[in-house]
Every structure is written in C-alpha cells, then in structure tokens.
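Next come two complexes built around chain A: one with chain B, the other with chain C.
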Partner chain A sequence: MSRLVAELPAPTTQNPVRAGRRRRSRQERLAYKILLPALGTVVVIVTIPFILAVVQSIQADDGTWVGLQNYARALSNPGFYDALRATGLYAVIVLPAEIVLGLGFALLVHRTVQSPGLRATLYILAVVPLVVPPVAVGVVARLIYAPGYGVLNVILERLGIIHQEIEWLSVPALAMFSVASVDIWQWTPFVYLVLFAGLQTVPKESVEAAQVDGATWWTQFVYIELHYLRPLFLLILFFRAADILRVFDHIFILTGGGPGTTTQLLSLYLYRVEFRFFQTGQGSALAVVVLVSISLLYTLVTRLLPLERT
Partner chain B sequence: MAIGARLALAVIGLAAAAIVYAFPLYWLIVTSLKSKAELFASTIHLLPHNPTFEPYVSVLIDRGFWVLLKNSVIVCASTVVITIALGLLITYPITRLPVPVGLRVGVLNWALSLRFLPPVAVVIPYFAIVRTLQIYDQPIALIGIYSLFNLPFAIWMLKGFLAEIPLELEDAALVDGANRWTAFRRVLLPLAAPGLLAAATIVFTFAWSEFLFALILTATPNAQTFPVGVQGLVTQFEIIWNDMAASGVIAMTIPLILMVVARKYMVAGLTFGVIRDK
Partner chain C sequence: MQRISRREFVKRTAVTGAAFTSLPAILAACGTSTTSNKPSSLTIAAVQGAEDGPLKKIAPIYKSQTGITLNIDEFPYPDLYSKLVTTFQANGSSYDLCMMDDPWMPKFGTMGALQPLDSNFGFTRDSDIPAVVYDVGTWPPPSGPVPPSEQGKTKHLYGITIVGNVEMFMYRKDIASTPPASWDDVLANAKQYNKSNFYGYVIRGLATNPASSDSLPILWSFGGNVFDDNWKVMLDSTESIDAITFLTSRLKAYAEPGAASTDAADRDRLIAIGQAFQSTTWPAEVTGVVEATGSTVIGKMGYIPIPQGPSGKGIGMMGNWLLGIPKGSKNGSAAADFVKWLITPANMRTYVQNGGIPTRTSLLNDATLASTNPYFPALAKSLASPPNWRPRTDQWNAVETAYGTAVNQAVAGLKSPKDALTAAAATVRTLMQQAGYPS
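Entry: the complex of A and B
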C-alpha cells in the first residue's frame, strides 16, 4: 500500500568522512572528471541564448546597434501592460481558487476517508488531470464553451436555466473566467495531492491530544495542521506562479488571447510580438526583461523553499 | 463538525468533483465517436448515438497524423535518452562521490532555477540559433530544447533515487576488485532501474505534452509533433468537431498509459521530491 507523505529537509549535517585522505582526493578528481564536462556543456547551452537575447535586444532588425531603443519601445507599448494586467488577473482568480479547493478536498478526504484502497484510488484519479496534455485540455474546453456547439449551453438550456446562448468566449469577463476555469480544473488536483501528503505528516498524538482538549474541526486545523502545511503552501505558490508565467497552450487553443487582448497573458503577448508581428528587437528586449525579473524573483524566494538540497 | 455532517459533506464534495472531472473527458470521448452526419444534426445527443471510429481513421490516415505521432515518439524517446544520460552524469558524482557540500547544493539550486525559466522568453533567442544552425523544422531542434527543459526534473529525481541506495553496496564491489564503471553498471544501475524508469516515463510525458516550442520550431510534417496537429484542427475556420475530439483523445492516451507505470513517482517529480511515496 502506498502512502504519500511530504518529506521536508532535515537540518544539514556534515558528510562523514568515509575513506582515507588519498583515496578521497582520487575519488574527488573522478567526480570532477565526470561532472565538469556534462555540467559545462549544459551551462554553455543555457547561457548562449541569454547572451544572444541581450545582443538582439540592442540591435535593430537590420543589425545596426540601437542601444536601449528596443527596450524603450517594448516598455512603452500599452500591450505589455495589458498583458501584465491579464496575467495578474488570471493569477488572482486561479491561485486562490486552486488553493481553497485543493485544501478543502485535502482536509475532507483526510478527515473522512480512512480506507487505504479508496485513498489510493483518489490519488490515481487526482494524477489524471495533471498528465493530460494542456493542448488536449484546451480541446475539451473548446467542446464545452465554444459558441454554437459548446455542450455547457446545451445542458444549461435543457435544465431550463438559460434560454439564450451565453457567449463564454466572446464576452471579456466570461472569456477570462473560461480560460481560468481550465487552469483550475487541471491544477487543483496538484494542490490537493501536495496538501494531502502534508496532512499525513501531522503527528497523530498531537491531534488526539487536541481532540481530548476539545479542539473543534476548525481549531484543529488552525492551531495544528496549518503549522505543518505552511512550507507546502509556499512551494505551491512558487511553482504555480512560475507556471502562470508560462501558461500558453490552453489559452492559445481556447481564445487565442481574445476577445481583443482580454486573455492575452504575458507568454501569449511575447509570442505575438516576436512570431506574429516579427518585432525581433522588441521581442528580445521583452525576453531579457522577463528573464532578468524572474531570476531576481527566484534568488529572493528560492531559499525559502522546503527542498531537500543535500 | 459532527461525523454525519462531515460524511455528507464528503459525499457531496466528491460527487461534485466526480462530475466536474468525468463529464468533460466523457464528452470528449463521446464527441470523438460521432459520425460526420451526426455533427450537423439539429439535436445534440448527450449519450453515445451510433458510435463510430470514423474520426480516428480520418485523423490518423486521411489527415496523415500518424506521421506526427511518429515524430512525437522519436522526439520524446531521444529527449528521454539524452536527459537521463546527462542527468546521471551530473547526479552520479554529486551523490556517490565525495564532492564538497557547496558544489552539490550549488548544482541542485542551479537545476532548480532552470525550472523557472519561462519557455517563451527562451525560445525567442533559441529560434535565432535554430535558424543559424539550419535545423529549423527538424526534430533535433526540439530534442535539444526539450532535453534542456526536462533536465531539472531528471536531476532532482535521480538525485533522490541515487541517494537512497547505500554507498556500502558499491564500496563492497570496489573492495572485491571491480572498477568504478563495473560497480556502476553491475551494482548501482540495477538498483536504480525502477527510479530511472520512473524518471524516463515522466520526462517522456512532459515532452509529449509540449506545445509552444513545437509550434514555433516546426512548420511541416517533417518535424511537427502531435500537439501541433491537434492545434491545427482547432483553429481552422470551420472546426470538424469529431476529428478535433479524436485527436484530443489520442494526445492524452499515451500520457495516461505511461502514468500507470509512473503514478507513484508523478507527484515526487512535479514537486522536486518534496512529496514522496513511502
């Protein structure tokens, strides 16, 4: 029977010295001999595109140097701020919904489902949405929301809830909701799995002691379980935020960024500038801006993540 | 909350989730089994109605999507081989050999930072490189970038698996006169095999689902992968719903089958080992 648990890092201890000085240094040399070529290749391959992006960002399309002109154009383009706003709105809808729903289900299953078989089944079912390709999820969403053929309107009409088609993808607010709902569908199970695993690390004794002391459902959560889940919330926020910055596939399929630019998130905007309007200089400037801001953000937050690094 | 109320809440919650998750997938499959004639019928049947495999034949044979499937398999399999090989070259020294703790932590942190690279920002300069090397619209362009983007997962997963195998086992083989390579092949590799398989499966799944790079770096069935084909069916002027649904079903079948193999490691992979299966 499998049991999913969260494994948080133990305080780091020094490696015990396992062998004599000479053997150790020979092994260490071997380590570098294997590691450095592989690592070096990857570092070079990662770095080249970044340098190239910087070079392209200070050139015009015909190769002349233009200094920071591309940056000025990229950052004064209102489309960029629309994209930032859309990305922010998307995050504000999607993150709380996924966390509240995922946490709700994790607590519910943790408290009420005791059968290991049923828990294992729920685990497998929760993994399913995570492995469905986002493109396929986009297709499913299209079948549900599309005008004329979307099944959601058909169902709502048959139930007598609506009498007129709702234009899920062409009214701005509804389009954003439709696009966000797809993200929530796909990623709430991830939040559920992580938090459910976190709940399994809460020691039974402290819960039982609290219950003897008359802790209610709510106080048990706030004073005991929340404490164990805190690092996992951070992990979820960080990973999901990174994913939102790369969201592309399902929106591209469902609305293509429309109506207008309502659902044109940052990655769709960059794609448009570079590969639809062929503004290479501006696209590269944007790429550099995004890469640098993410690296900064990353260095600020990464040390807080509860990962086993040793 | 009383036990009864809690149970009722659980039943209602899980039933609602079941509908929200099962119905869209059900509807995808039902639509993929519709005949052309039924698409234009005035009433939409919610239950299967004269199901037919016509759309699958239409997608794979008539539209020639089997070529895209083949491309996907080639790209994903090559990505898996390169990613796992590179991953082993990087994780073997830092987990099995005495390197300074700082180096190990540095490598892992660096790998983690790659996880947060936004693909669209990377693909802009990568596109220029691909044009210069004249590998535009060739599988190798995808294999390269997929290997890079999957490497962080591979490094963190392999690190987890290798660290769990006691160093003493290899040391024993070394004392018996085996060299490092033999000890690696005969002792470590068999023990790490389940973990390697899991990592390989997950990398394959990720590569299979990838869409943005494939959209930008390919143009013809010479290198286009299956998701690009699916997208082509969606944004046409007139959507052929049953074909589109069938292509969606095909796209998700392979990851779902692979998930059966790697289900225990899926969450560990996605969370860089924070969530483990005990």
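Entry: the complex of A and C
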C-alpha cells in the first residue's frame, strides 16, 4: 500500500477540475474529428437521401407541391396492402423457421461436435449460402420448383410420392412456401453462425456445475445458455427483419410477385412503383411510411421484448 | 525527419486526397472535345441479350469503315429503362444513342428526352420499311389516343427501329399440315393434339409483363382493348372478358401445368424439347431457342401472324427496339450518321446475317435469308397487317402491371376472368384519372 501511495503523482497547484475539463474537451474534439468521416458518410448516404425522399413525397412528378396527396394515393392503393400482407406472411414464415432451425443446428453442433476440423468444415459450409448472389439463388430455385422440369417434382415422382406435377409456383400457398423456403435455405446458416458463436461464450464452469446438479439438456439450455443468447436474438431479429424488407431477386425470378400479388413483397412493390411506373412521389411517400413504421417497430421490439441479458 | 503537427498532417492529407480525387475529372475534361464533328467513339446504352448481339457484331465493321468505335454499354432489360429515365432526368451526356423498347417511347416522348431525327438530322421515310415502323418511333403517336399533355404538339420521328420484333404464332407444322387460321382452329388443334406429356397449347402466364404480352394479341383479336380512342378503359368490356375467358379457361384446359408461372424461357423449352404443339412467340425466342442448336424441333415449326379472332382480325403486338439520340448527347450528328449507315439495305443485310431482325420488307421476303430465318415471311406479313402497339401513355408500365396481374390471377384460377378484369379496370381508371387522363 505504501508503495502505491508513493507512486501517485504529487498534487499540483493547478485546479484539478479545470485541468480535467480542458483535457476532456481536447479529447472530445479529437473524438469528434475521428468520428467526422463516419458521421459525414451517414449524413451523405442516409440523412440527405431521407430528406430528399420526404421532399419528393410532397411533390408531384413535375416538382409542384401537393401536400400529402402522394401519401393519400399511396395508402389508398390496394396493392400496398397486398404487399404489406405478403411481407407480413413471409416474415411470419421465415423468421421463426430460421431461428428455430438455426438454433437447433447451433445447439446440435455445440454439444455433439468437438473436433475443431469438423467445426471449421461446418462453418465453411454455413458461409456458402450467405455468399451466393441472390440472383444465382433465384435461378437455382427456379430449376427446383419450375413447372415441367423442376427437380423437386421429378424426385417426388420417382420416389412415388406424387403422380401428378405439383404447381409449386402457381398455387398461392405453395408459391409463398417456395419463395420462403429459398430464404430459409439462404439465411438459416446466418442464424446458426451467430448463435453458435454465442454458445461459445457460455462459461464451461456454469454448464459443468449444472450438469453435476443433474440439469437436463433442456434446463441447461433454458436456464444457462438462453441467458447468453438473448441479445443475439435481438441482433438476428434486426438483421433478418431488415433483410426481409429488401428481399427481391429470388422472388422476382421465381414468381414475379404472382400468382396475382400473392408473393409481391413490399420491396418488389416499391421497386415497381418507383422504377417501373416512375411514380416518384408515391414511391417516396411509401418509402417514408415504411421507414418510419419500421423505426417505430424496432423501438417497440427493443423496449418490449425481454431480450436484454439481465 | 521533420515532425509535423497533427493539424498540419490533416491539412496535407486533405489536400493530397482532393488532388487525387480531382485528377480523373481534370484528365477527362482535358481529353474530351465537345466541339469535334467526328468523335472517336459513340456510346450506346443497349439491352443485354439477343437484341443487342448483332449490334456488337457489326461494331468492328463500322469502326473499320469510319474509324469510330462503338462502345456498347449493356444493361439487363429492367435496368436499362430505369437507367435511361434517370439519365434523361439529369440531361446526362453519357450516351450518344440508346436502345428503347417501343412501349418506352411515350415516357421518353413526354419527357422530351430525345432529339428529333427528322428535323435535326434529315431522316425521311423509306418505302421499303413499313410505315408502322416509323409510326412507332414517332411522338406524339400518329394514330390512336394521344395523352392529354401531348395533344397539339408537333409530331417528330424520335426513334428508328433496329429490331423489328412483332409477336407471332408458332405451331408444329410436322404434326398439323394446315396452319390455324383462327383462334377456334387453335383451340381445336390444342384439343386434338393434347396428350400425356404433350401440351396442346403453352400459356406464358407469369404475372405482369409476360401475362400481358401473351394475352394482348388475343384480347385485340377478340375485339377487346385496353383503352378506346378517348382513353376510356375497356378492360372490362364483353369482348375483353371473352378473350381472357377463352385463354384462361378454354385454352388452359390443354395447356401446360403451372401456366401461371411460365415465362418465355419455359415456353421455349417445352417447344424445343418437343413437348408442346403451339403458342405465341417473339422472333428472339425463335432464333435463341426454338430453331437454335440443341432444339429437337428445328425445321418442324411453322410461323404465322396471330390467327384471327371473332373480330375478323388477327392482331400481332409490336415489340420493336429502336435507337434514339438522347437530348444530352454531344455527338448527335455522328450518332445519326451511324443510324443512317445501319439501316441502308446493304448494311442491314450484314446486320441480319449477324443475327439481326430487320424491318426492310425486301430483306424479310428474301428467300436466302428466310432459309436461315424461317419466321421472316410471317414477320413481314405481321408488320404489313399492321400490328398494334401498346397504348401510347407514359402510365403504360403501371397499366400493364395491373392488367398482367389480372390475367395471371385468371390463369392461376384465383379469380374468374370477369372479376379479375373488372378489378384491373377499376385500378387502371383510378390510375389514369390521377395522371390527368379522362378515363
């Protein structure tokens, strides 16, 4: 203790509060300078386009001010609600499926695979779907589900399971299942990788102690591992929900949004309004509505769901 | 080594960075001559695929004759449209020429995005090229309804067709020796030749543009329409409903499974592997798949104009690809010279020999060329009929989406043709009213 006291700097005559304030102020200035490029980038690629979108949403295509007319038109179009419904249904199918499957794989590998080599192999295999371009995924999926030559029907027929071709992309429920299955194939590995990484942070001592106390695999998961995974579920929900709003390529290739508008998700609908119909005012109004709604939804999710580690 | 302060370091880094980022712009500015009469190159915005393939092949010939390099910037079909619209909105000078699908002409015409070819560059009509080919590149449209904002404007030629696409009809001539003269014949043949794993008719019923393109010739041949001459929506007329009922219930009984998700590639595959009897088709599908290496039906297909419907007419649909000169182009004169060079009889023959689809009647009826392009005589007849173009409105993409979705719903059995078309008509009426049309 006496050594520690001896190592403390000698008190100066300068006012320590003022000196600290000066030091913090200089540090803050430096911090702002360091942050400036990142903040500038955010302003340029997020804030300014958003402001422009808001401005465009209250203008007609010729630039005249029309107030909230674009919002009224956009929100009175049944196509918007069809797209909203399709997106909701898509999310309800893919999010739970990806989380359950990803969690299942993560737990399975975490508990049963101990070989580092095999774990690395599984890691690489899991990364593969994530790096395949969505367009390529769509093309391959079309080869699986297409009428006439789809591989899935051929396999089912040869196995004697079906005797008549299933119209995977022409029947609404099956079309939604088909496009959702592609998403589940591509993004379950993401959930697996995140949760598997989370499981590595669980202290072995806690698990071993629980096992000594006779914890089953279920109680071990619920009372110990889930505790460490909760923040990651929030991360997964954020990322995947954002991705679902951007889903485009494979649906465009597989169904074009059909049959009817069954698989026309918000992204495809917005693309059509903005870049096919060039109704820029309505497109911007829709973009603002979607952005604000999603921001509110995210806020609600973070506030209401008990996902923070306690 | 001299130490520098942090502030000095930041300053020097910023100056160096700014210098480097400005360099390309400075060099580009030094290298560009905006006043030169003969540029060293012309840049063409083109659609990726069979449509621009021949253009790429004749580019070296043009360079050898004129010294001008043709830089062809390719875009997938959906991207090209949005790329051009945004370029035109900014009055950009990136492109000296642009390829345009003919339904885009109303949008570009209304925007005033193109340079008039007749008044600016002296283009005149050639009697060897059907009048409808020039008409489709003229704005405001010389016939049919004119958008309210365009009425009274002077007509000018803005685009020259370089891909003379018209939707036609194909059937297995090795199975049925007589071509179908009417849609009743088409139905009878579909019924007669339909058997297990061989479909009497192929419907291209994928939602939006495919379903719309496939069904519009039938709609017109039945006397139906999208709009009348005063922009009144006609999608829910008796004739229109009859046409779509014919397609989606009577013909569908002999069509392939999954018709609601069938696009052109699926249709061509079914025809090429010998699993279907007949369908509508476009020239690029014929050259690209049906009569291409690997097809089992080479020489077995007959090509005819769209069969007659109850209206007494068989009406094909134009899908011409045109070349236009953007207003922002700084090399308009040189670009016009290239278009003139391309459509001369001799050069168009070379273009056709490289896979191009001509518009010259003399080339379409040329026996030598027809031996390698068996659909040429049908295309000549289709162009002479004349075919219809899609309604000349800048709202067409939205209209087509509503109509193509309705047809897809009817093909999929989600709605009756009447219900689907009635709903589409209501959507289109609202849309057109919002856009200032008297629907």
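Convention: the second predicted complex is superposed on the first by the 246 of 310 C-alpha atoms of A that agree within 3 Å, B and C clash if a C-alpha of one lies under 4 Å from a C-alpha of the other, contacts with A are read in each partner's own complex, and residues count from 1 in each chain.
Just so we're on the same page, a contact is a pair of C-beta atoms (placed from the backbone, for glycine too) under 8 Å apart; a residue touches a chain by one contact, two chains touch by 3 or more.
Everything quoted here is computed from the prediction, not taken from an experiment.
Enquirer: Tell me which partner A:Thr219 touches in the superposition: chain B (first), chain C (second), both or neither.
Expert: neither
Enquirer: Which of the two partners, first being chain B and second being chain C, lies in contact with A:Gln211: first, second, both, or neither?
Expert: Neither partner.
Enquirer: If you stack the two complexes on chain A, which partner ends up touching A:Glu165: first (chain B), second (chain C), both, or neither?
Expert: In the superposition, A:Glu165 touches chain C alone.
Enquirer: Just checking: does A:Thr47 make contact with chain B only, chain C only, both, or neither of them? Give me first, second, both or neither.
Expert: After superposing on A, A:Thr47 lies clear of both chain B and chain C.
Enquirer: One more residue to check, A:Arg111. First (chain B), second (chain C), both or neither?
Expert: After superposing on A, A:Arg111 lies in contact with chain B but is clear of chain C.
Enquirer: Determine, under the contact definition given at the top, whether A:Arg73 touches first (chain B), second (chain C), both, or neither.
Expert: The second partner, chain C, only.
Enquirer: Taking the superposition on A as described, I'd like to know which of chain B and chain C A:Gly256 touches: first, second, both or neither.
Expert: After superposition on chain A, A:Gly256 lies in contact with both partners, chain B and chain C.
Enquirer: Using the touch criterion from the header, give the chain among chain B and chain C with more contacted residues in chain A.
Expert: Of chain B and chain C, B contacts more residues of chain A.
Enquirer: Figure out whether A:Tyr149 sits in contact with chain B (first) or chain C (second), or with both, or with neither.
Expert: both
Enquirer: Return first, second, both or neither, reflecting whether A:Val132 touches chain B, chain C, both chains, or no partner chain.
Expert: A:Val132 contacts chain B only, not chain C.
Enquirer: So which positions on chain A get touched by both chain B and chain C?
Expert: On chain A, the overlap between the chain B and chain C contacts is residues 146, 149, 256, 275.
Enquirer: Which of the residues in chain C come into contact with chain A in the complex?
Expert: Against chain A, the touching part of chain C is residues 10, 78, 81-82, 85, 107, 206-208, 210, 256-263, 266, 269-270, 275, 394-395, 397-398, 401, 405, 408-409, 411-412, 414-415, 427, 434.
Enquirer: Can you name the residues of chain A that touch chain C in the complex?
Expert: On the chain A side, the touching residues are 33, 73, 78-79, 146-149, 164-165, 167-172, 175, 254-262, 264, 272, 275-279.
Enquirer: Mind pulling up the chain A residues that touch chain B in the complex?
Expert: 2-8, 12, 14-15, 18-19, 24, 27-28, 30-32, 34-35, 37-39, 42, 45-46, 48-50, 52-53, 56, 104-105, 108-109, 111-113, 123-125, 127-136, 138-144, 146, 149, 151, 154-155, 185, 190, 193-194, 197, 216-217, 232, 235, 239, 242, 245-246, 248-249, 252-253, 256, 266-267, 270-271, 274-275, 280, 283-284, 286-288, 290-291, 294-295, 298, 302, 305-310
Enquirer: Looking at the complex, which residues from chain B come into contact with chain A?
Expert: Its residues touching chain A are 1, 6-7, 9-10, 13-14, 17, 20-21, 24-25, 27-28, 31, 44, 46, 86, 89-90, 92-94, 97-99, 101, 104-105, 107-109, 112-122, 124-129, 144, 148, 151, 160, 167, 171, 180, 205, 208-209, 211-212, 215-216, 227, 230-231, 234-235, 239, 241, 244-245, 247-249, 251-252, 255-256, 258-259, 263-264, 266-267, 270-278.
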